[in-house]
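Naming follows writing order (A, B, C and D), and every chain is counted from residue 1.
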């Protein structure tokens, strides 16, 4: 599965990068979401994959029985997912606001603040 | 001696309030400061046989002290700085009568004086550099004093950039010098001359140090800033450009002559640039008619002569070097005295008549008798009439060049440069006062009368000192021998006399004066002749300065337009390309044959549902890219998220899966809410752009895949942390869901930060939404 | 959107979801769940209510402004970490009352729950409001 | 008492209370009080760290590397103090500058959360926790940037947000792979773990990913686009605090990772750092030289100054690589001296540039307040009308240009000396040349805004009147910062000594690692005990 997931991660990155290079604000955001999916999967994969061994101690036991999935990457990914949700919500509000003030879904028209 | 230097800065702080309270007396009162400092220094100097030295630790960690040492060379310069400084302060006080900027002028002059004093007294390379830069900054403020004029601002900037650029070279130079010599103390450098010479850094040091000296002392090709700096008020020009700041370069060259002087590069750079400067500037002075510009070019020429003389005073040279060392001192002293006087006289003339053009000023001896006295004495001193100090200066310079080589470049340069300087002396110091008043063309001169006391007393005093020292040069014996010794790096005995007997030098001297007179008599035809040369100025170094500045700015503009284009996707493209380049290069370097193959070999252990999931994920991702309808794209995005959460389900992460599903739902809702009114996507980019972006995207994705594949096989295999979690979640965390225990206990700090992010996102959304409604309400 | 079917459906679904959310938070320390998941679920339920009955409906249901929920949750989470410092423990050291099976991490989780609910509601309501 | 959690907790509590408060007056009071408290606590931490040694706190009492470690070595501590000081200054200043309406929109809450994120980033010894603080900082800065919502702000924010999110994604991916390879996120633990990796070349790949992630945050060449595009758009107080802190966190993280973890292949990594440093200086200052708006000039200068900070880090490469091998002392005294000077110079420069930059932005804010514009075409004559302001500007500007005897000179002196002793001719030349161009663009502002008479078209527009209170609020912090610049310039010895001590701690991270290991289960015996579920919790070894 690692191999497959590695390919999937690469594909997600590629799609994300391609979308981010478009001129549309919406595509930019979609690209960002794809890239954050890719990053989450990357952490998950890099932490080691294991089937049917959720890191939940069985009732009455004192510790996880081996083998078990590494709980730490899961916690990290969970945190990362929630953070990117918060950031995404803000970004969406911002992008919509910009869209309303510019009237077009085109990043190329937002150049007034550079030199 | 720190006290003496600091006094000037402290006095500067009080200058402005003083000028407000006692406007008339501020100049004379503040003039007491340099005189007091001078008295204190003289007391120290006269009181000890060996040069007194004081040192205060400043930055002990880097070996930097505020060390000062008062030897002959330092004392001579201190004498000029304080003595002429006092005169200038009195003069400036009167010059700015009724001007509310008087306080600022006096304060800046005092700060400049103190900085200059610091330069010549410092016995630590860094301390010297600190004061050196301070002179640049204070002179920037002084040159740009009339800052409402664009000309002044430009001249100030030019001076600052040229001397500042040299200053940076000097900084590198002194650091390398200290590194090569193993000491920061200037007085200890001479003892390390051999070590320095053996160092591979010697040539860079010489180049860098001389870059500092030459820019500061306005040597060709850096000379142009000095004439332009004449935009400053007269007291400033008189002080900065005759006696002090421009001499700082000469001072430093002289100071380091014993330690760097043995090298041929040093010697020939000094002689060559000095000679070139002297001749060029002297020739250019012939073209000038404005009083201050005449003086400016002659100053540049004299600085050239001084630099050349330092070059002749090689530390291991013979008698000719000794003569040159003495000539440095005498010429320096004489030049400072007569040039400062002439500048002040020029300022008085302009103040009295409103005229700047030397051709229009005639017959003022009755109207301005005291200025006349000062002018004539100083002018004739510059011409080199015996019994004035200027004669001794010029005579000794000729002697030094003659002794070195009767037909050498130094001699040649002197012979060529001296006659035009005679002309300048006559035109500024003598000509305006002679002739009949009937010849006065302009009205201003008709009603001219003597300037106020404060403006004549100083010039007269300086001119008289020149006369006294010219008549009784033996007064200078001690200071000349000690100063020359410092320049030469070996003891020098000076026995000065009014008349050294009739010899070839005297003959040359006479010839030079006659040549000067001839130049003056035929000035109209020479003027016509040199006009043609003036066209060459278009190709001069000032043009180079302008080109360098404009070129840099043009390059900056192009670079900025290229980089900071405003197109976000270009920024992202550069970011991705840079990342791909550096990460890719490292990955290629890390590549081992077979590694990827081995990683790929694992593909046999794959479940069918895995394949299905991954295919779903990739197809959905491609659909997001490909879709023309926004809603479809968002739904496809949701499908990607769903596939991801299924991966979490399959691979033992129930919490993650739940979170992902919920978040994905909310994300889709958010997208739908945000994009309700938006139309379909349009293809905005050309085909070429899309292909290019596709290549970048595939490269980026491929890189990440490779990285994951390679990294998945490099594992230390002892996850201490995760083992700890597995073991301690129940006993100490009181929870069986290890992931949740990590989130709320083991690593609760992460979660704390995370909910802070959420809270701020909420605030941000509200601010954006409400802010808009507020805006619309106002409309 | 505010069809009768949806409104009636939501009347049953939302309380169910809130109940489930509460369960997930309470059991989250031992079974899958926890403040995040519970919070998201609760928020989803409340949003359904909003979609069905217009904005303000969920406000009436929970009776506090979402932003107050957010700042309250933050303070609660910070407070649960701060408790240990009173007893000279390190910041965020858990304190457990073993007999009840309660401890500051649960308080922390409750804070997380509040922030998540508050934020999600604020964001969604804000976006909906911006469209109106 | 262990204060390390306070710089995180205190702003959080103040922020949430301010969020819940309805009365603006109370918010303003709380904002200044909170910033003052933070500053004092951070000072106390610095005092303790410098006297006693590296301080650590295991959050929740869990041993490292399981729990999150907060560590303060001298570098962290000095960054904390600068954060506290600038936070306090800006909190006061913004009472005068920021419009009341924005203050109601949570401005003070956001400011404090920003400070919290920055403090957290400086304190944490855990890589993922660092990521979280980055996000906290980031979202706070997003909202601050868009507060008020003028079109320019929004356009700038699009670029700022997008590129920074890309940086976060890089960071996340890099730390994910690093965790996969080493099984730890604790930086001190990583310092050991990386030595045991059997394929160190892969670490260089990761180092490059971190370089991109942190480089984006720090605004280095060629990743700095978001900065000049957005920094000049929000109110000046916000730009000032951004310029003081945000990019510096990126630099701080680079220093941390490239002295502690990524020191296997310094020829590559630190060589690249040096090249980037030179290019960053030059391209930043060239950008600044051609601008004609005060705030744009200053924004480009932020980029340029980042180059100097990286220069010291790059120069220290050989020494940190040699000392990384445990138990070995460095024989190469020259490399050691270069590293001490370089990293010491970086620390000194950090303090200097934060002060100088903030002061310049604060002056710029006053100018904008007076003339409603920071464009050099529309201002002028301030030297005559506002000599005090002119003086404040001049000192800060000259310090930035490295003119002695101001703070900036000593910083530059140390770096240039390190460069020359390390025979890094190219980057040293770039550093010196950049100094000259910095001087040029500073005198440009000076000549245009202060010396030049007011443009004819602007004559009829009168200066806006500042009330006495506003003047006090805006000038007060500016005076204090400029005073610090002068004081450091005249008495540089103690800061230099501190910077050198800091450098020593960075070059040889054993003290840092040891301090964390005190509360850790790094060693094999501890690790085995941790793996055994039965008795490890009750043994006295772990700190709980």
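One rule holds in what follows: contacts are C-beta pairs under 8 Å (C-beta built on N, C-alpha and C of every residue); 3 or more make two chains touch, one makes a residue touch a chain.
Since the structure is predicted, the reported quantities are computational estimates derived from the model, not experimental observations.
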Of C-D and A-D, pair with higher C-beta contact tally: A-D
Centre distance in Å when subunit A and subunit D are each reduced to the mean of their C-alpha atoms: 27
Euclidean distance of C-alpha centroids - subunit C vs subunit D, Å: 35
Where subunit A and subunit B are represented by their mean Cα positions, the distance between them in whole Å: 50
Whole-Å gap separating subunit A and subunit C, where each centre is the average of the chain's CA atoms: 23
Multi-chain contact residues (two or more partners), subunit C: 30-32, 36, 67, 70-71, 74, 78, 81, 92, 94, 116, 119, 123, 126-127, 130
Subunit B, residues touching no fewer than two other chains: 560, 564, 566, 568, 572, 654-655, 659, 663, 666, 670, 674, 704, 708, 711-712, 715, 719, 721-722, 725-728, 731, 736-737, 743, 745, 747-752, 754, 756-761, 763-765, 768-769, 772
Overlap residues in subunit A, where contacts from two or more other chains coincide: 20, 28, 38, 40, 42, 45-46, 48, 54, 56, 59, 62-63, 72, 76, 78-79, 82-83, 86-87, 89-90, 92-97, 107, 110-115
Overall pattern in which the protein chains touch one another (line/ring/star/complete/other): complete
Partner subunit C, residues of subunit B touching it in the complex: 654-655, 658-659, 662-663, 665-666, 669-670, 673-674, 676-677, 733-737, 740-741, 743-745, 748-749, 751-752, 755-756, 758-759, 761-763, 765-766, 768-769, 772
Of all residues in subunit C, those that touch subunit A in their complex: 30-32, 36, 116, 119, 123, 126-127, 130
Residues of subunit B that touch subunit A when the two form their complex: 560-561, 564-569, 572-573, 576, 599-600, 602-603, 605-607, 610-611, 614, 617-618, 621-622, 624-625, 630, 633-634, 637, 640-641, 644, 647-648, 650-656, 659-660, 663, 666-667, 670-671, 674-675, 678-679, 681, 684-685, 693-694, 696-698, 700-705, 708-709, 711-712, 715, 719, 721-722, 725-731, 736-739, 742-743, 747, 750-751, 754, 757-758, 760-761, 764-765, 768-769, 772
Residues of subunit D touching subunit C in the complex: 1-2, 4-5, 8-9, 12-13, 15-17, 19-20, 57-61, 543-544
Subunit B residues touching subunit D - in the complex, by the definition given at the top: 57-62, 126, 129-130, 133-134, 137, 140, 144, 147-148, 150, 153, 156-157, 160-161, 164-165, 168-169, 171-172, 175-176, 179, 552-553, 555-557, 559-560, 563-564, 566, 568, 571-572, 574-575, 578-579, 582-583, 585-587, 589-590, 592, 704, 707-708, 710-712, 714-728, 731-732, 745-750, 752-754, 756-757, 759-761, 763-764, 767-768, 770-772, 774-775
